[in-house]
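Here's the structure we're looking at; comments come further down.
Note that the chains are named A, B and C in the order they appear, and that numbering of residues resets to 1 at the start of each chain.
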Amino acid sequence: MEQVSFTVANLWMMIATALVFVMHLGFATLEAGLTRSKNTVNVLFKNTLIPALGLLTYAAVGFGLMYPGESFAGGIAGFGGFGLVVPEGGLEPAYNGNFTYWTDFLFQGMFAATAVTIVSGAVAERVKLGSFLVFAVIFLSIGYPVTGMWGWGGGFLATLETPFHDFAGSTLVHAVGGFAALAGALLVGPRKGKYAGGRINPVMGHSLPLATIGAFLLWLGWFGFNGGSVLSADAGAVSHVLVTTNLAAAAGIVAATLVSWRLSRKPDLSMVLNGLLAGLVAVTAGADTFSPADAVIVGALGGGLVVFGVLGLDRLRLDDPVGAISVHLLNGVWGTLAVGLFGTLASPAQVLSQLVGVLAVGAFAFGVAFAIFWVLRATVGLRVSEEEEVLGLDIGEHGMQAYDLSPGPHHGARPAAARAHLAAAPVLAPALDER
Amino acid sequence: MEQVSFTVANLWMMIATALVFVMHLGFATLEAGLTRSKNTVNVLFKNTLIPALGLLTYAAVGFGLMYPGESFAGGIAGFGGFGLVVPEGGLEPAYNGNFTYWTDFLFQGMFAATAVTIVSGAVAERVKLGSFLVFAVIFLSIGYPVTGMWGWGGGFLATLETPFHDFAGSTLVHAVGGFAALAGALLVGPRKGKYAGGRINPVMGHSLPLATIGAFLLWLGWFGFNGGSVLSADAGAVSHVLVTTNLAAAAGIVAATLVSWRLSRKPDLSMVLNGLLAGLVAVTAGADTFSPADAVIVGALGGGLVVFGVLGLDRLRLDDPVGAISVHLLNGVWGTLAVGLFGTLASPAQVLSQLVGVLAVGAFAFGVAFAIFWVLRATVGLRVSEEEEVLGLDIGEHGMQAYDLSPGPHHGARPAAARAHLAAAPVLAPALDER
Amino acid sequence: MEQVSFTVANLWMMIATALVFVMHLGFATLEAGLTRSKNTVNVLFKNTLIPALGLLTYAAVGFGLMYPGESFAGGIAGFGGFGLVVPEGGLEPAYNGNFTYWTDFLFQGMFAATAVTIVSGAVAERVKLGSFLVFAVIFLSIGYPVTGMWGWGGGFLATLETPFHDFAGSTLVHAVGGFAALAGALLVGPRKGKYAGGRINPVMGHSLPLATIGAFLLWLGWFGFNGGSVLSADAGAVSHVLVTTNLAAAAGIVAATLVSWRLSRKPDLSMVLNGLLAGLVAVTAGADTFSPADAVIVGALGGGLVVFGVLGLDRLRLDDPVGAISVHLLNGVWGTLAVGLFGTLASPAQVLSQLVGVLAVGAFAFGVAFAIFWVLRATVGLRVSEEEEVLGLDIGEHGMQAYDLSPGPHHGARPAAARAHLAAAPVLAPALDER
């Protein structure tokens, strides 16, 4: 009996892990779609590296730091013990008796990487590739796991009198990524031309189909992100969480539609996609404590909030190409506070604990990210040259372009050798450049 | 024992729900790929709204209407009871003892939304966004759940002497959507220029990669659509259904290839993708009663049928940009009748019951959809202006474009402000316009 | 008890089957993205047909050949017995007592088709559609199942004193496909212009977003490809395999990044995507015997190897548009040998058995594929005309184009009738052509 129910819980956690993995493709396509085609290779490159770095650093350091005493090796030397042998303990139940350490590591490792992906979107189209990858490795190793431990690994937020409640990571994943994104966006500065002439010059994405694919894949991934955070296959608990999660997404879509239709007279697809994600981020902290009606309210407010967030950040001259800060930071905080306002845990004491959690985690995540980015800026540099930014990071950092869709016979996207030709293009087409 | 097998069945139903969710991305990309790039934002927008509206209306009304007495609140006031609290009954088995009400709601709600998506494809590229969304909300609330109840909720089709058999919805989902699509296509009329000059002027889709992604994602989703319709994780029943489902898809592909290769001398990818979907729609009614060989025959005939359907509807001057009526209505009906002709239920009496079901459901679905669209046309209007149709709904309805893939430095897809510029383009490039 | 654990194992195998199915979309998008847009319809067409042909031939012939005595009908007449009725035995456990024959057939059938997809990539952009489809049917029927039987169906490789160990198919699936790809690439010859002027002229893919989507979907599919190859839902075994699989993918990405950055001074996204796949192919033979550290090493060496493979094959004037031979053949062999060098089975005797397996399987797969392609070349021809190759196979074989992304009002991708016009287009619109 024990054995079968263990197998079932472990099975669900592995499937949830696969779904969280899908989120990395979701982030890659969303970010690529919402930025310009001259930077697409760069965006895809970062987002391919991130899950790889996430898993490797989590094996080496993160797992041990975040769940002290529970990884294969314990502590920071995790990879040594974890990696050198097939441990006898592989079959032993993890801390909660529902799945193996293997599954625990993989599920948590996939989570870790999502936090850094959020940053990638906010600094897109001007951050140096190498500097971003260095940031990612350091933040994955010592940023994310520490606050994760505070909330989920038996740390001080879990042992408050009224414990901080963050079911699947509105704060511990999304706001952590959002605070780091804020630090990055502040230090790297806005994209060239975004606020030129004292105006806000909209820079639209290059492919809304790609962005839509991304948003839907993220929604799909959330089935695992929230559903897996039950940490078992308990029928009532998981299906409750999936209902609240999906209703919040639906409400976020509808709210963002109404608000953006009202504000701009035209319903804006990229706003609606962000509304969808906002609803999901917002419901994540309390997906297990909200009723369906709570979830609709929390998601709808999230979907409205993100529209004002995107517009508001632009007024502050804070350039965030994909709206990552509005989606993940603003709504991560909103969702975390909502746990104290709606659902089975609603109480003034809970609001306070939620606030303590947000402030503590936010200060640490922002501080660590700011420090890393600041040192990188002061040393190897954080931002590509102005020339490279104009030309595009695809040519500058990778020597290739993302597309070649010219009709008729041709030779595909240009290799590095074509750089000279491409470099000349702006001179030939200054009108395009000025748009 | 009870508990573990309940957990397993519920787990499969949740995974099936996630797979059915994927179908919404499949429909979005299929429809976008098979239409023109000037209408892509609009297509994606509709398809993002549909699952949101589907889930919210199903929570508010549909679930209660379709399964009377079995939703949380019973009857039309479902959302009240469903939404306000985390019900004690969340863990209680649903009507068949295999999964929770939460899971039941979410699985059925994802189904509901697919019916409306089918309509979206048939009226694409000329329907007013607002009018379509109003149709979707009304049809989801009072159209789909009523016929669903007739067949699956203990209604009169389920209690015929020889009960109407529609395993996973060839009629109750696909033909319902197809009949509504027919009503919509009739009332909105063909796209400008489609039948100009007394000829059939082919209007090809703008991205076959997008369409192919869509068709494959729909195939993937069908693992959940049909596999989940077993309503348990029974090993024999689910795996049997998956074998018939997949073989029918395979046969639909091969048959559509042969027929289209024969008819047009060139194998047509969009026909083959529709053949794949036709095989899937056709097998859906009898996936549990067909043998593998039956499934191959039913799927192959479906794959052939869809090619003739697409060509035939054009002769009737019925414009259906994505072939939705041929795929979902024609093959929904074909698959439903095939239950009486092949497999374990084959009998003349069954054919009769299937016919009764198709006619009753068809009359209701067509009638309701026709009435909604007719009222909309007579009041707020159903179709965009001729000018907007030529310019594209992306600019007209959303003030943005789907793509900006111009090589070299640029500023991404144009925001609303660029509208005037874009409107002028055809004048500057009349040759392009004539293509 | 028995019954529930059977249901759970069968459930996981069905989910794994769905994940392996996703690989077909992954291959379709990867291959389309890494080739030119003038051949995109053709690539998508082949990759849509392949899973269909794979399932149908596996039902008719392959299943019976590969697992003699264990398919429904036994032997080559499998489809007869398999297909005509819903067998009583559908619920009976398959050979290992963990899942139904239905599930067994579907999982193995999805595997079969992947081997042929690999070939598709290597001969892309110049192979005749009809000839390739004939090859696929024959190779699926008598090529893949025979070597599969040798290793997995109780054949001579399984009964060596030190049995050949190929957990999920580094050799039996990937190298089989890779050897057949080598035969095909040799006989069809390089693409026109690829080695013109005595130089290696890079031909880049037309859409790196499409290629990235493909690589991520393949990674996702590998959760089922390797995870399902445990042939049960055993918690320890499956989660161990998923950890090694994912760490190898991560290591492949990082290694390919470092090597390509070093060699070409610019990190090359297409190399990194191939590094990801190389890590996955390499870990596949020993995913169950490697420790996490082993998996990192094997994957990293795979990721490096693929870069040298791609560059090396070009030096040999062997044109492989997507790097299929470097990914699947080179790393299939490397991963198979690695079973003897790392992990729980490491021993000199094992290395020898692995070598025997690779040589025997390779000789058969290469021989059969070479024979089929040779006969096709000598009769109906293997390669499109030079004119068609220049114009693109989309127009030549299918009479349509994959994209129409021109801004402003237009009529979508061109139908067959527009062929003449398109051939002339560059002349009529030199400005567009020069972009």
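Keep in mind that, in the parts below, a residue touches a chain if its C-beta (ideal position, glycine included) is under 8 Å from a C-beta of that chain, and two chains touch if they have at least 3 such contacts.
Treat the numbers as computed from the prediction; the structure is a model and nothing was measured.
Chain-to-chain contact here is organised exhaustively, every possible pair of chains being in touch. Chain A and chain C touch with mostly distinct residues; of the residue numbers seen at this interface, under half occur in both copies. Per the C-alpha superposition, chain B sits rotated 120 degrees relative to chain C, a value rounded to a multiple of 5. Taking each chain's centre as the mean of its C-alpha atoms, chain A lies 31 Å from chain C.
For chain C, residues that reach two or more other chains under the stated contact definition are 1, 4, 8, 11, 15, 207, 213, 403, 405, 435. Interface residues of chain C, counted against chain A in their complex, comprise 1, 4-5, 8, 11-12, 15, 19, 35-38, 193, 201-209, 212-213, 215-217, 219-220, 223, 227, 233-236, 238-240, 242-243, 246-247, 249-251, 253-254, 257, 264-270, 272-273, 276, 289-293, 296, 343-344, 390-392, 401, 403, 405, 422-423, 425-426, 432-433, 435. Interface of chain B with chain A (complex): residues 1, 3-4, 6-8, 10-11, 14-15, 17-18, 21-22, 24-25, 28-29, 32, 40-41, 44-45, 47-49, 51-56, 59, 79, 82-86, 90-91, 99-100, 102-103, 105-106, 109, 129, 207, 210, 213, 397-400, 402-417.
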